[in-house]
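In the two complexes below, subunit A is the common chain; its partner is subunit B in one and subunit C in the other.
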Partner chain A sequence: MSVLTPSRTSGRTANAQENFSAWANRHRKWLFAAPAMIFVGVLIIFPLAWTLYLSLTDSQGSVRAASDFVGLENYLTVLTDTERFWPAVGRTMSFTLVALACEIILGMAIALLLWRPFRGEKWVRVAILLPLVATPVAVGMMWRLIFDPNIGFANQLLGLLGIPPQPWLSGQDSALPTTIFMDVWQWTPMVVLILLAGLTALSDEPDEAARMDGATALQRFFYVTLPLMMPTVIVAILLRGIDALKTFDILYATKGKGGGSFHEVETLNVYAYGLSFDYNQYGLSSAVLILFFMIIIGSMWLLTMRKKAASK
Partner chain B sequence: MKRRSVVQYAAVAAALSLGLTACGGGSSESKGSDTVRVTLANHVWTEGIKAAVPEFEKSTGLKVELTQLGEDQLSDQYNVKLNAGSDEIDVMMYRPLQEGKAFAKNGYLADLTSKVAEDADWNWKDYQDGPVTASTFEDKVMGVPIITEREVLYYRKDLLKAAGLEVPKTMEELEAAAKKISSADTAGFVARTGKSAAVTQFSSFLYSFGGDFTDESGKSAVGTEEAKKAYAFYGGLIKNYGPKNVSTDMSWPEAMAIFTQGKAAFYTEADSLYKNATDPAKSKVADTVGFAPLPAGPAGSKPYNIPSWGLAVNEASANQDNAWKFIQWATSKERTLEAQKAGVPGPRASVWADPAGTSTYPKDLAAAIAVSAENGVGHDRPQVLTVGKAREIVGGPIVASITGADASAAADTANAAFQKFLDDENK
Partner chain C sequence: MTLLHENTEPQAPVRQRQAATRRRKPLRSRAYKTFRVVALITVVLFLIAPLFWMLLASFKTNVDIYDAGKSFLFTPTGENYANVLQRNNYFVFIFNSFWVAFVSTALSLVLGVPAAYAMSRFTMHRSALVVLMARVIPGVSLLVPWYYVFSNLKMVGGFEVLILSHMFVALPLIVYIMMSYFDSLPLELEESAQVDGLTPIGAFRRITLPLSVAGMATAGILSFIFSWNNFMFALVLSGSKTKTLPVAIFDFVSYASIDWGGLMAAATVVTIPIMIIALFTQKYIVSGMTAGATKG
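Right, the complex of A and B next:
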């Protein structure tokens, strides 16, 4: 009997090992994906769920302080707020749409210029990509100095040309367009990069065929190149659009908390930041963030649908 | 670090940063350890302390781990870490009037009442009344003030001389002088213009016109006749005699830049920033800048006299005794004197009484400070929990007045909004 015991034990171990490896084999698709899933769970799902929970409470002052469950009250407060929330939605949308339109048009123009090989091509490409690698906060500080209404370079330049000084970032109506300009300056290179990749991948044949048929350069662009480029353009819009919606750094670096004295550049992101970090109203701020998240998801979904239609 | 606090830290950081940048953090563990973790703001005071830390480490055998951040980053850092009950900070540099009340109410700050009373040599009684009151919450000492500020008048001696003017002693004289000097390329007057940033510097004008942010019963007082006159006067000075194309986002760096570039004759600002104007490396007018007490309004000259920064101990810190040791050293008479000589006005009466304490100050500035310390008011912003929001509300009429809108109507709107804010906060 005593002889049997060890063999039985080792048999059991072997059995357990076999069982485990059989189990692992059966579930290998889950097992291999597990690290990634845990990562997503901890870093995306959990914060999102926590924010959703906070948005249903009246949490303020300190997150650890007792707070009451208030249902959808925060959402109601936010959605009926015509003083800060809706103007912020409007600014977020106009910032994104105008910046995006400028970036796509300019980006396409520059990409077309860089498409065909020319002398010094490498240097020009590097120079164009420089704004992309600069830190947004540094970019914000740089433009803030340039656009200073009293001692800034921009107004001195205008003065040399005999044009009266402009308020730029300090004007109630000119602040948002100025920040849009900064965004275009910084992010057009990224659009150029994406579009250039798309252009390089295009086959030359349709363009040559159109040329043989006597199509003008404009016709070839609008009827041959652009339709073929549509999926790439939509990718650029998608990537840049989401980024532009979420812009925070340059706005905060140039106008500070609340987006200026009149909230001139207060987008949803800046508003939510102010609500949580300045006002410590975590419930309300979470509600704004959840709504903002839904806006981003919604626009992304719309664009993806459009992309599917374009690639068909 | 406790498991619970890790989860809380992650939760708060994640919740606050959704859609924003992720928050960094995490450092070595310590429980009553030999390492004191100190978080300080970028300031002249901090530079002095940083240089002296080895001296503290040598005499106590403790190690100091220093984190230094900009003002806004510091606030954000506290919001995330203290909210999560993190024990990663032992000593924290904080703004008693901006965050002190909220932090104390949230239980972020350790009660130092018994600690300050213990050491007679260090002497808590040496601290000026205003700063002590501002660092106290519900009769408990929550922090030790390190830097104090009063509003003074910065002016250009050369411009006044050229115009044949005396240094203005009243608000009327200030306005007349600003008007006389104001020209196409030199402004008569400059000051902060940002809705929130200007509130502290406007406060002295408000008091000197006989107003305050709230009345004795705690009700909003920004709609009173006195307040309306103060709003109209401060905004009017900037609108009529300020720089052309004046921005309504200026805090001190922008306003100071205009003054030190030689583009303004008068400037009202905190005295603790005087080095920016007298240091030839930073200022084109270093030789010609003069200082005077805040001109008197209808209610006299009533500048604020406040502690702008203090040191506190994190309630969640497991290293509170060593944290206190650091504070005791950093706020000692010797260190305060050193800091004051380097240009940081301190809160200790004995250091002000010591001729060495003002030896490095321009004479007129030292005299102006002495006057302001006497008739100063102990706050420079509404004394509420959510100071950030309150500043935006009471700052509205300043901006309205600067842009030429109806300041009186703006004051009425602000008054109603501020009253609602106070009601909500006291609910």
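Right, the complex of A and C next:
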């Protein structure tokens, strides 16, 4: 480097500076990457190790209170708990799968509607963006008013159609589907944006060729567009799926602690949060979290495998 | 002119063919057009109506909210906003939310942009995976240990922990977006700058960074929005002085009966700033949300 940038000043400081600059340039790879990696690493690895440790103890009450090592007892308690844990697993799964399915299908339909340019496109795009950026807690409050059984707009609308009022969020069976609806409202736009980016990047030729051969619109979608879009669809499933599994804000904002008085919307994340911060059962909650984490990693791994298969 | 002429010639038969298909089935395509317009209007209504309802309710008295006959026709009142902003001290929460989002975004950009650059240029995929892990881990599993450490350090309730925790969300997002941005930036510019005598770091600073302003804007705006909307970390780690807007709204419903008008005004106060930002930066948000989605 000193050959390329001849120094005007002589002396120690200039030399030291040059040496440092040469050193920095040589090691820029790690110099650039390390700070961010250390930041994330310290904030992840220590907490994860700590959670793993806590899951093997009977820690509860205060984080500073003494706790005993109990081995795998917490895991046994959790895995045999058919009252809270397994129903929470079921709710997490049905919330994620149903929301994801609705979002992907609706998202694909809307993306196809928006695919070719039209007048007023700008306004539709604005409408798509608004739910996406709205604060989830505020969105939860908004839906609480709309779905209020007595004064909500949802039942007013049903009344106009001659349908009897529904309990929505306050019903034991209808609460979870209602929260799924909220999730679909807020996050379908994200799926639309991702799929639309994928559609726009597609080349027109395969579609044109199929049209020449006399394929109908439906045939062209299922046999040409959809297979080509598969990698993008899987990216959308991956990104949305991770967040859907971890949904917390709208559930806690609409039903509060424990996912409602009958735990109607208690998913794993809400359950673990409640154990940790509403009931201070750190040992148990850590065991739940480790299991939850394994579920997330497992489903991501499965999807990435599918994605690799689809790209081939 | 000649160029234009050459270009139009081969297209002529294509256009004729299209016209022919159009003549063959005019009814079907017109039906599709109508269907498309109706479908688009339905989609827009479905997305906008709830927000509109929230806005309407925020201008109603609680008596009017309970009156189904006054769904759309009522005398608007600014009372809810006056209540929320003055009596409930929302200006403090607005400042807190803004400050935490701003500082955590700025610091994450400082850490994240060089990291993304190195990871993109040296294809450090495994290192990138470490940073992206932060997006996958459920927040609660980190909160217990964080809470433990930070409460022992007497930092819970201060801005520092809140900013640190929000950086944890912002950093992976910024690294992810900037990596796909740097991937798309041609290498040749940096290489020629180095031939002209710049050091590699100098080339990054004077050539690559100025060219990446759009990417950084995208990453910064999205990270600001995510931080502004974040609820769980602030719920545990914020104190009475550092409470952010989402937590403040949540506290609204812990009282015995819900003041719907006030609640909707509060919800509107949280969402409006972020929506205004979104309207002006639409292009960036879309490119950020779809970053890396089409790479396959």
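The working rule: the second predicted complex is superposed on the first by the 279 of 312 C-alpha atoms of A that agree within 3 Å, B and C clash if a C-alpha of one lies under 4 Å from a C-alpha of the other, contacts with A are read in each partner's own complex, and residues count from 1 in each chain.
One rule holds in what follows: a residue touches a chain if its C-beta (ideal position, glycine included) is under 8 Å from a C-beta of that chain, and two chains touch if they have at least 3 such contacts.
Everything numeric here is computed off the predicted structure, so don't read it as measured data.
When both complexes are overlaid on chain A, the residue A:F277 reaches subunit B and subunit C alike.
In the superposed three-chain model, the partner touching more residues of subunit A is C, compared with the other of subunit B and subunit C. When the two structures are aligned on the shared chain, A:A197 is found in touch with subunit C, with no touch to subunit B. Of the two partner chains placed by superposition, subunit B and subunit C are both touched by A:I151. Of the two partner chains placed by the overlay, subunit B and subunit C both lie in contact with A:F292. In the superposition on chain A, A:G107 makes contact with neither subunit B nor subunit C. When the shared chain is aligned, subunit C comes close enough to touch A:F118, but subunit B does not.
Residue contacts after overlaying the shared chain place A:L48 against subunit B and subunit C alike. By the touch criterion stated above, A:G241 is placed in contact with neither subunit B nor subunit C.
When the two structures are aligned on the shared chain, A:W185 is found in touch with subunit C, with no touch to subunit B. According to the touch criterion, the shared surface of subunit A, contacted by subunit B in one complex and subunit C in the other, consists of residues 43, 46-48, 50-51, 54, 63-64, 150-151, 246, 248, 256, 269, 272-273, 276-277, 282, 286, 289, 292-293.
Those residues of subunit B whose C-beta lies close enough to touch subunit A in the complex are 8, 10-12, 14-21, 72, 75-76, 79, 82-85, 102, 105-108, 193-196, 243-249, 251, 254, 257-258, 261, 263, 385-386, 388-389, 392, 395, 399, 403.
Here subunit A touches subunit C in the complex through residues 1, 4-5, 21, 24-25, 28-33, 35-37, 39-41, 43-44, 46-48, 50-51, 54, 63-64, 110, 113-114, 118, 120, 123-139, 141-146, 150-151, 153, 156, 185, 189-190, 193-194, 196-198, 201, 231-232, 235-236, 239, 242, 245-246, 248-249, 252-253, 256, 269, 272-273, 276-277, 282, 285-286, 289-290, 292-293, 296-297, 300, 311, going by the rule given at the top.
By the touch criterion given at the top, residues 42-43, 46-48, 50-51, 54, 61-65, 148-151, 155, 165-167, 169-170, 172, 246, 248, 255-258, 260-262, 269, 272-274, 276-280, 282, 286, 289, 292-293 of subunit A touch subunit B in their complex. Contact residues of subunit C toward subunit A in the complex are 36, 39-40, 43-44, 46-48, 50-51, 53-54, 57, 65-66, 68, 71, 111-112, 114-115, 117-119, 121-122, 124, 127, 130-131, 133-148, 151-152, 164, 167-168, 171-172, 175, 197, 199-201, 204, 225, 228-229, 231-232, 235-236, 245-246, 249-250, 252-253, 258, 260, 263-264, 266-268, 270-271, 274-275, 277-279, 282, 285-286, 289-290, 292-294, 296.
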